[in-house]
């Protein structure tokens, strides 16, 4: 099977999951009593932050998925099923995002941020599963895949689950601190991608 | 009409239906009283299981739909309308998934699991309708369609409705047992696709 | 501008609008008291009928849109804006579908079916606007567009708004009769497309 | 990286955000007491206006995004991340649309229309960020990009944020007047695109 159909399906799930995030803002604001909408909109700031962080996270996953697929030549059924499992976790992200949006300023902040962290950790684990299944022994890689790029992806990816797991553990101790950790990690990726990525664009994106 | 437009539309419906499944988790958890979110998230496990089973089911349908379309060369209006009917049933899946997520641990488990089973049985029936309309007498098949692959699809597909019907009947007697049957059947397909499919990939996916 | 980007966007809206229809079923069923789900699922039959009729209607619109675009070679900004207006009405369909699903068996059946009819009438009007803008004087048609096909589309399309308007007026008198009219009209199109369309497929779909 | 994947993802977000707008109509109408649906549907007119204005706005953004991408040859990671940020704001539009739909005829009209205005202002700002990043020094432009078209886009785009900011300030003083300003601005764009755009189509869309 060619990779293009897989990418179309994955891009569809990424786009829909990202766009559905707005529903968590919708729930986070709710229906205030008359004359209180402005106040409600201001105090609902965790909804906006959660929306932005999750949208950027899915955006980065989308960009990285293309970087990965650019190194891959063909897919088999195992890779297909691993990708379905990966998309399953990505499409789950709107749910814990809604929880964080709704409960960050409540006694339930811990449960919400830990649920968010577990979801992102699983996303990183599944992303690793896809990549290492494809890359191990060059199983599905292009004949002309660049060794340096392949090693670069492997080195970066392998850190992902551990960083998200650490932020999840921080959330279990201090939910607010955990939320800040998720924000900073996302911000780091955006900046890293935008600035440093530029110089490496010839290697990473071929 | 070429097949590529049909596949784009179908892939869109598959991706959206799968991503919308998260709404059933959202409904399954609801808004707990303060300090009860963790408890709520733990007891909502049927929501997660229902989400995973339905997502994997749609993922497998998507993968199989491509296997089928790979054998097909052209489509006519009857095939188009059959496909719309097939997508209609696939896009219905999020509804009974929400029912199972919400009612599996209640006195309404029977109605929920039977509704789920009927939907999946109809999906399998419509998938057969598409396939046998296209394959009968080689009506829409590629000139170079592989006879062994075509017979392989026919043999596998024809079992689908009966297996789902059986699981639906089991649900009518014991909802919990029925739910386990749906899980096992999905799991079987994932494993079968991933491991055994690998050896046949040259035949099945051409 | 080429037509393919327009078709991708339109197909996206068609697929999403069709898949969102399931939300109207979700609302139509609601949360029954314990032990009443089966009863609720049975009495919610107008939800399923509304879902099926609207899904098939969008499916037929999708198929016809491709038949139209096959005759068109290029698009200009006016055609683009007309298409956005057309998609605006198609994406509106889930709303009156929800109304019919929820109110067909209530004193509000008239308002619900009339709202449904107005939406479908507007859809047919906008579809005509697109087609006649493109076809008038051959403005955007392919150089090799088949005269007979073009006249065939014109003759069929021009009837659409009047038939839907008639069904809307029937709904204003008898909502149930109006609902049956919408069903029959959709059924007629599906059957006409599937059976008669087959013989004309060489002309209509080129 | 080629531009086509970026356009597929962006088109997905545009199509989904536009189609999700119907949810704001759904919320705007609600569940009336028996026999009151017709009255409810008539008094919910701000929902329809908000739906139409937001749908057309996203439609124009979609059309303009293609005009922009037609001048662009390649994308780098910074452009990718700017586009994700741009889509993030576009996907946010359904939320303030729902607010306007629900609160335009209430004491909360000010908060709703200002939130709407801020979102559209940010959309225009991000659209400028994308364009000027790509166009500055011809960084990502096609080798054969037409100088006049490029200057034309720059001149038009740079006005966007200021016009939306002005309409937002008007909303802060008189919400109804602000709503009219958003309507007129959208209408102007649709008409300008459809009529004047036609004469320039050779330059603008190349």
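We call the chains A, B, C and D, going by the order they appear; numbering starts again at 1 in every chain.
In this text, contacts are C-beta pairs under 8 Å (C-beta built on N, C-alpha and C of every residue); 3 or more make two chains touch, one makes a residue touch a chain.
From a predicted model like this one, the values you see are computed outputs, not experimental measurements.
Asks: Shared interface numbers for chain A and chain D above half of all numbers used, same, or below, different?
Replies: The interface of chain A with chain D is built from mostly unshared positions.
Asks: Suppose a student superposes the Cα atoms of chain A on chain B; what rotation angle should they report, nearest 5 degrees?
Replies: Here the rotation carrying chain A onto chain B measures out at 90 degrees.
Asks: Can you give the whole-Å distance between the Cα centres of chain C and chain D?
Replies: 26
Asks: How many angstrom between the C-alpha centroids of chain C and chain A?
Replies: Taking the mean C-alpha position of each chain, the two centres sit 36 Å apart.
Asks: Which chain A residues reach two or more other chains?
Replies: Answer for chain A, listing residues that touch two or more other chains: 8, 12, 16, 20.
Asks: Of all possible chain pairs, which ones touch?
Replies: Here the touching chain pairs work out to A-B, A-D, B-C, C-D.
Asks: In the complex formed with chain B, which residues of chain C make contact?
Replies: Checking each residue of chain C against chain B gives 7-8, 11-12, 14-16, 18-22, 25-26, 29, 31-32, 34-38, 41, 51-52, 55-56, 59-60, 62-63, 66, 70, 190, 193-195, 197-198, 201, 204-205.
Asks: For chain D, which residues count as touching chain A in their complex?
Replies: 1, 5, 8-9, 12-13, 16-17, 20, 23, 76-78, 80-82, 84-85, 87-88, 91-92, 94-95, 98-99, 102-103, 106-108, 110-112, 115
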